[in-house]
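Labels A, B, C, D and E are assigned to the chains in the order they are written; within every chain, residues are numbered from 1.
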Amino acid sequence: MFLQTLVTGLGIGSIYALMAMGYCLVFSILNFSNFAHGAMIMIGAYVGYLFCSIIGIPFFLSIIITAVITGILSVINERLAYRSLRERNAPSLYLIITAMGISIMLENLVYSTIGSNFYAYPRVFSKNYLEIFSSTIGLIDIYSFFVSIICIILLHLFLNNSKIGMAIRAGVADPIATSLMGANFNVLIRNVFFLSGIFAGISGVFMGLRYMVYPQMGWITNKAYIAAVIGGLGSLPGAIIGGFILGIIETIVSVYISSVVRDVFSFSMLILILLLKPLGLFGIKYEEKM
Amino acid sequence: MLTIKDMNVFYGHIHALQGVSIQVNQSEIVSIIGSNGAGKSTLLNSIAGIVKRASGEITFENNPLPTRSYDIVKLGISLVPERRRIFPNLTVNENLKMGAYLRNNQKEVEIDLEEMYRLFPILKKRTKQFGGTLSGGEQQMLTIARGLMSRPKFLMLDEPSLGLAPNLTEEVFLKIEEINQTGITILLVEQNAFKALEIANRAYVLENGKIAFSGIGAKMLDNPKIKDAYLGV
Amino acid sequence: MEYISTIFIVASINVVAVIGMTIFTGFTGLFSFGHAAFIAIGAYGAAILTYFYHFPFILALIFGSLLAGLISLLVGYPTIKGNLGSDYLAVALLGFGEAVRVILENLKITQGARGLPGIRICCTVPVVIIAIIISVLIARNLIYSKYGRRMVEVREDAVAAEMLGVPLFKTKYFSFFISAIFCGLSGGLFAHYYGFIQPAMFTLEQSTQILTSVVCGGIGSITGPIVATYIFVFIPEVFRFAKLWRLVFYGAALVLTMIFRPSGLMGYKEIGFHSLVAKIKRVE
Amino acid sequence: MLPLLELQQVEKTFGGICALSDISFTVNKNEIIGLIGPNGAGKTTIFNLVTGAYNISSGLILLNGKPINKKRPDQIVNLGVARTFQNIRLFKKLTVLNNVKASLYHKAKYNIFDALLKTGNYKKLEKDIDEEARILLKQMELDEYVEIQADNLAYGLQRKLEITRALGLSPELLLLDEPAAGMNPKEVINIIDLIKKVHSEYRLTIIIIEHHMKVITSLCSNVIVLNFGKKIAEGPAEEIHKNSKVIEAYLGNSTQKKKTEIAYANN
Amino acid sequence: DIIKIGANVSLTGPSSMWGISELNALRMAADKINEEGGVLGKKIEIVEYDNRANPPEAVIVNQRLIDRDNVAAIIGVAQSGTFIAARTVAEDGKTPQIGTTPTNPFATIREDGTPFKYAFRVCFIDPFQGKIAANFAFNELGAKNASIVYDVGSDYSSWLADYFIDNFTALGGKIINKEAFRSGELDFRAILGKIKASSVNIDILYIPTMQKEAGLIAKQARELGIKAPFMGGDGVGSPDLMTIGGDATEGFYFTNLADLADPMLSEWLEEYRARYGTDPVLPNPVMAVDALLLVVDAIKRAGTTDGEALAKAIEDTRNIKVLTTDNFSIDPATHNPFDKPAVINVVKDGKFEYVMSYSGES
């Protein structure tokens, strides 16, 4: 029983983690919560469905194509909506509101073009879950678990050990000084959004496969966002760990306390963690000197 | 090497540079002095491409200067900006490496890094510290060192001595002369007008966005008007 | 005419909450994804009084706002004292907002998700006009007093403000309290206009709608957000001809406002109260 | 007479790095103290500790005999300590006038009801503050910029505005962090006069951090020299100038110096 | 000359799939009526606005329909909460409003039991649905132990869960688990794991939610190895249930207002499919057609579109033919339909199949 609870929690957590990564990536770079990420995930789910179900391309190929498409969309999104705000040094709140505008737009675009029907991915795996030690675990959860961990490690290396990563971090603090070093910050940012779009695409397909595809599915990423906050918005490993923590706590509370108050618990925990660690579990702050 | 003709810059309705023309020759040190708000930083910033010029022509080595700052840097022009624009969220070491962003020869970069640490030993002790937590003077050193890390042909320094201890100021100016002797052209903006004029081959005086005087650096030290207005003697 | 007055009332109810949020977000520079909870608390607080105990409407309204204010003091103490970063505070409050909804969904007195149908309908055009006038007056007087100035200073540079003797916690806490009071009042009006409330009405969407009006109206302005609120209620109405594309346009309008009027419709400026404008010319 | 400010064995570490150790000194009323030392010596850190921006690691700071190291910055301000910042921290988007008013509001003794009801008391106090701010700006020769947004001012004027704003707090103790940085020699002379003026007019006690030796020599009765977080010398300016430790660590070997620099330093 | 009938429907947002079906069905029905000569010699026209299932919007929409478009009656709002908010406007505007699926008992009556003059509905109410669900589960399926998963954030779901529990326990059944989730949730494995782990083997899992959650719950429950049959309410009655839940929904029972497999609907269904190329999302479209037929009939009897007369005529409706039944009546005491029958459907081979029906009195 407890093992199953834990396994389920980890499974749910893996999905949160996968979605949280995109938030975290953009936050760790631009310091704003990109609420359009949820809408991108939704688009990813639709695009993946298109390729995998309607056109009928093999599943793994569809993931790749989807990731590229959402990557490009995410770059377009940045170029059209965020760049001018960024260049004006607008407060992050402006970017957040713009991101929300984008997500309202995309969601309703889907309503008005594709419609409000649900779609389900075709069966990709012959069996959707595994039995380990008499507890069942979803195959997709296992995949999301590994995909998110691998992505995080790669990203972490990229941002902390590569020259481009360094320039991105520099540009966040001072884009103008960065351009004085010869780096084109806009191009760097384009790369970041391409990456976050790729994550959106991958998580969209996974979400679609795990659950279903519908216009409002972007909103479920709120949970992922909360996971990212628990882990510390700017910290990539934090996103994953936050996802797992949230997943496990939710499951344990549902099973052992009450499913009704589950959210009260997880939100109180969120507040509690923030009170103890104002920047989340792994958030880092660059202390400002006077 | 660098020629500016009749340049105008505006901030909104503030006319910050009004028809400024200057020239910097190969291997020279040229100083620009002027009181607060005269437009000195504006001049350097518009050469570096981080302030848009409304009109005027800049040529560098007989070619028109590109407008984007990251393209300008590629020509070997480096600006040490005013007021310590270090990257607060990068470590000292990373800040310096950012200076060498366009350089690909890792070995040479490492050598230059060591050179910077030799020049500013206190930075060496702080390689892992975030730039933002350095003391004011340490940040200033870091800004200068970062500017040098790109191995520029043409180096612009905006108030390099700001907030530096007297002995260090001395050293920085010695270093500037030393750099210049290796063939790097230098355009210097400095409040310490004595120093600025002393080490300069030529100098310009900016007043309210216009060039008021120009001449041989050392000679200007004796100019009574300049003495009165900028040296306070 | 009924149609126009309906839209007017609907928008005005939002306006009251937006004025509160303007103080918190526009002037203090903090933001929240959970203020719908205060609207809910105000709505339930007031409605329970009139619904079960037949209190007079005005008393119920006051009680609702005070209840929201009281709860804001409880929630604000740890969260604001904790000195969270702005996004973190917003999310912590999102958590609070959702938690309030869960509680409302499970309480006996609120009748859970079924809500309270058939609340007395008392919120009419004159009522909202009076509510708005009072809210604007309070907000304005506050903003131009030392309390409001301190909020602006905290927004501009909290560290410097503290070094000038501005008590950070008190200032933010107070601003939070005031915003909750306004949201509570708005909630009371809400309940007594629609005649029916249920927890599902007070969602994240509502919180962000208020926030959106504030930002699009212009940070650091009171009149801007008010105008923006009316516009945002009217725009979807105007776009009705666009049928399903209506909200696509709405989203696009939002994005375009942010891009082309980055400091909002009325960024840092006020319309109306001329004398004050002259006197305080650009608080910012 | 009780010293105004007293530091007793103050120590500050930043995650292992010891920025200040065993710092003790006293500042008497109405003195102007110079705080000098090489870059990174810990001067600004002292200001940050005194104003409560950082927590002290060990030791004691007394203001008028009472410990203040447990207090919040805003409480310390109310005890009469004001400062300027090495990196200017004005309210960039506010006007010059509002920047100054920001510091005057701690005197406005009206409550929230006065404000909401706009009582006579409120109106009077608001008017007083407005007037006082304008007077202060006039004294500091900033009156022509009253309505200008602070970050549009030239650097030197911003420094002046910061001092004005600090004066608005009517402090007993004023901490100036490199007030003359970024100024040309002529302007340095102006700022020296200005500091002299406010010192006598407002009967202030001042601590100045400065790398322009001219400022220190012309203003300070007593100079404290720090190096690597330790106090290495203390005494009148002329003595300090001759102190070999100070010359080595800070001023630089004068034989190395060129003619003009000496001229400059002596100016 | 034309008679305008308003449609206050949700065309965007999470409930839009029903709203759009509702609108389609109304259009189709209106065209048919017009072809047959209209009403009182006038053509009828459907004027629709989107309410996003959001109470403030529904209020505005109602007001607009009444003031701007001068509609004779308003069809819709499908969601109880939104209907209740909008109802006031219809009451003030003296325009009859016929809810399609607001099953909350208080949608048409006051707390004291008296009906609102202008508020009507064509669906049954939750207590009835809960009751027949319990009856069916206990008597027909022989279930003794039941667990419930419901949406605390939805009034529909909580009402239904409570009525089911009341009736099921009254019959002698036992509720093993009552588990709640909140609207918008997609993952139910945590609560399903708890149900699976409970010591008693359940005979039925009652899921009174919308088809989205029901489909996912079914899928995830089977994944976790829960073997009990599922049962739901009218909210699950659309083919999406199978799209989402796949094989797991085989044998999923639910109470419904109307039945796609109902022979009475077959002709209409053909027509709908031919015209729109998809299946309607039940039950809203048939309810909307019933509502329209009800209004049209009342207009004919009243001989006018005056609101007050029309409301009276609607109240007096007895035994008229509508889409779902041949003898539809309105109960003047509650403004609910009289003896609205309910059907039980089951999913078989990926299709809905008729099981049995319960008449209104049961």
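Here, contacts are C-beta pairs under 8 Å (C-beta built on N, C-alpha and C of every residue); 3 or more make two chains touch, one makes a residue touch a chain.
These numbers come from a predicted model, not from an experiment.
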{"item": "Minimum number of chain-to-chain contact steps, subunit D to subunit E", "value": "2"}
{"item": "Contacts common to subunit B and subunit C (chain labels)", "value": "A, D"}
{"item": "Greatest separation from subunit A - chain, by CA centre", "value": "D"}
{"item": "For subunit B paired with subunit D, centre-to-centre distance based on mean C-alpha positions, whole Å", "value": "29"}
{"item": "Whole-Å separation of chain centres (CA-atom averages), subunit A against subunit D", "value": "47"}
{"item": "Intercentroid distance (Cα basis), subunit B paired with subunit A, Å", "value": "43"}
{"item": "Distance between chain centroids, defined by C-alpha means - subunit C, subunit E (Å)", "value": "35"}
{"item": "Two or more partner chains touched - positions in subunit E", "value": "11-12, 152, 182"}
{"item": "Residue numbers of subunit D (touch at least two other chains)", "value": "44, 53, 85-87, 89"}
{"item": "Residues within subunit C bordering two or more other chains", "value": "102, 105-106, 159, 243-244, 246-247"}
{"item": "Residues of subunit D touching subunit B in the complex", "value": "14, 17, 37-45, 86-87, 152-157, 178, 181-189, 211, 213, 249-253, 256-258, 260-261, 263-265, 267"}
{"item": "Subunit C to subunit A touching residues, read off their complex", "value": "25, 29, 31, 78-79, 82-88, 91-92, 94-96, 98-99, 102-103, 105-106, 159, 204, 208, 211-212, 215-216, 219, 243-248, 250-255, 258-259, 262"}
{"item": "Subunit E contact footprint on subunit A (complex, rising order)", "value": "1, 4-5, 8-9, 11-12, 15, 108, 111-112, 115-120, 123, 128-129, 136, 138, 207, 210-212, 214, 216-217, 219-220, 250-251, 254-255, 259-260, 262-263"}
{"item": "Partner subunit B, residues of subunit A touching it in the complex", "value": "163, 166-167, 169-170, 172-174, 176-184, 286-289"}
{"item": "Interfacial residue positions of subunit B with respect to subunit D in the complex", "value": "11, 14, 33, 35-37, 83-84, 122, 129, 133-138, 140-141, 159, 162-171, 191-195, 198, 221, 228-233"}
